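Structures incoming, each one as structure tokens.
One chain, subunit A, links the two complexes that follow: it is found with subunit B in the first and with subunit C in the second.
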Partner chain A sequence: MNPRFAPGQAVVVAARESAGHVRTPRYVRGKRGVVERVCGVFRNPEELAAGNRDATRQPLYRVRFAQRELWPAYAGPTGDTVDVELYEHWLEDGR
Partner chain B sequence: MSATHDAPRNFEMLERAFRELLIEAGVVTDAEIDARVEYMHARTPALGAKVVARAWFDPAFKARLLADGSAAVRELGIEVGALKLVVVENTPEVHNLIVCTLCSCYPRMLLGMAPDWYKSIAYRSRAVREPRAVLEEFGVRLDPGTTVRVHDSTADMRYLVLPERPRGSEGLTEAECAALVGRDAMIGTALAGA
Partner chain C sequence: MSNHHDVGGAPSSEPIDRSEHPLLPWEVRVDALMWTLTDATRPGGPQMTVDELRYGIESLPEADYRGLGYFEKWLLSMIAVMSRKGAVDRAALDERVAAVTRSYHAEHAREHAGDGDRAHEHPA
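Our next item is the complex of A and B:
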């Protein structure tokens, strides 16, 4: 499975709601970031948590967000960041 | 505070009932559970400290550690299993801090059991939002020009901070340097030698 995004590429996290076990924190949904690295391909934890042993595989990324993008009132320097691991089905092209 | 007193007992009973059912159903054996508990008790922050000191003394090892943490620690006989180890380096320009906002993911294979504060709602919610205030409360005062990078351990990666080698440690041996590396320095809530 070839990753759709490459390091350095701008992405947007889907702003959708979710039920069940999801590894996409709410504080990054709808936010823009940049792919820091591709981590490999892993089974989709949302399907695994539902008991599906044949869960589909998803590329996993580390996406870097500026603190100011996540928290507009962030008081620290503009260079401060948060890196979050996100599966490909939660990411959209941010260009 | 009878509620907080009763809670662990209920969880203990639930765990015991669940474990006995798994054994009865043949899913796991008693011996397998014992072996796993022994394995977890054998993991302590001394393992992580050994990795850090090696990186301070061996630049080629450090390069391999930053490129592929899992493969590099395997060279030292430390097996990380299916999870991938990502090592992030502190420098005079960058300070790294590890958190798991969704639960309490932690590099147990290198640091053992997570401290209680790491699992607290306060740390998990504040570390991604006001990391500099959290660091100050831990006694870490950064130069204002230092960038803070927080790493939220949301999925299959586990993180270890490679702290800066403390000033004044130049004459020490690798083992003496490892003794300067505390657990919190490898989470990012302390500096090595502090």
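Our next item is the complex of A and C:
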């Protein structure tokens, strides 16, 4: 499975709600970030958590967010960032 | 599903406890059990995945999620997952826990009786 996004590319995290186990914390949903690296392709943890042994595979990315993007009232240096690892089905093209 | 486990960014007045806690023997056992259950080299594949463990922890009632310790939550999740798969007989487990609890209290009562005797021999 070829990753849809490349390092340096802008992405937006899907703002959707979720049920069951997901690895996408709410504080990044709907936020804009940049792909820092492609971590590899792994079995979808949402399906694994439901006991599915034939879980599909998804590319996993390390996405970098500006602290100010996540926390508008962030008082630290402007350049501060947070990296969050997110699966491809949670990401949209941010260009 | 409730979102009480998704606490990233939630304000808190509680300071973060950064101290290291030495593991108790039962916690090491819980960890070993999880490694055994998730062993990918086991014939037939692993009995459960770390994702099922996480989902089980997130599915705990909010009071348990906030109040229990790290390995307590692991253990409750493992019991829930393995009971659902039929690998753990919940009734037998509950019976065994009740028996161990009874014997613990009986032992504890004897120790206290002993404390009383020693207090007489060695007054403070």
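Going forward, the second predicted complex is superposed on the first by the 95 of 95 C-alpha atoms of A that agree within 3 Å, B and C clash if a C-alpha of one lies under 4 Å from a C-alpha of the other, contacts with A are read in each partner's own complex, and residues count from 1 in each chain.
Quick note on the criterion: contacts are C-beta pairs under 8 Å (C-beta built on N, C-alpha and C of every residue); 3 or more make two chains touch, one makes a residue touch a chain.
Because the structure is predicted, anything quoted here is derived from the model rather than measured.
Visitor: Specify the partner with more touching residues on subunit A, choosing between subunit B and subunit C.
Guide: Residues of subunit A touched, subunit B against subunit C: more for B.
Visitor: Considering only the touch criterion stated at the top, classify A:Gly51 as touching first (subunit B), second (subunit C), both, or neither.
Guide: The answer is second: A:Gly51 touches subunit C but not subunit B.
Visitor: Examine A:Pro7 and indicate which partner it touches, taking first as subunit B and second as subunit C; both and neither are also allowed.
Guide: In the superposed model, A:Pro7 contacts neither subunit B nor subunit C.
Visitor: Between subunit B (first) and subunit C (second), which does A:Asp83 come into contact with in this model arrangement: first, second, both, or neither?
Guide: first
Visitor: Once the structures are superposed on A, label A:Gly30 by its partner contacts, choosing first (subunit B), second (subunit C), both or neither.
Guide: neither
Visitor: So, does A:Ala19 touch the first partner subunit B, the second partner subunit C, both, or neither?
Guide: The answer is second: A:Ala19 touches subunit C but not subunit B.
Visitor: Contacts for A:Leu70 in the overlay, against subunit B (first) and subunit C (second): which applies, first, second, both or neither?
Guide: It touches subunit B and subunit C both.
Visitor: Pick out the shared contact residues on subunit A: the ones touching subunit B in one complex and subunit C in the other.
Guide: Common to the two interfaces on subunit A: residues 25, 27, 45, 70-71.
Visitor: Help me check something: in the complex, which residues belonging to subunit B touch subunit A?
Guide: My answer: residues 84, 86, 101-102, 128-132, 144-145, 147-157.
Visitor: Could you please specify the touching residues of subunit C with respect to subunit A in the complex?
Guide: Residues of subunit C touching subunit A: 1, 3, 6, 8-9, 45, 49, 51-52, 54-55, 58, 85.
Visitor: Quick one: which bits of subunit A touch subunit B in the complex? Just the residue numbers, please.
Guide: 23-25, 27, 39-40, 42, 45, 60, 62, 70-71, 74-77, 79-87
Visitor: For the complex, which residues does subunit A have touching subunit C?
Guide: By the definition above, subunit A touches subunit C via 19-21, 25-27, 45-46, 48-51, 53, 70-71.
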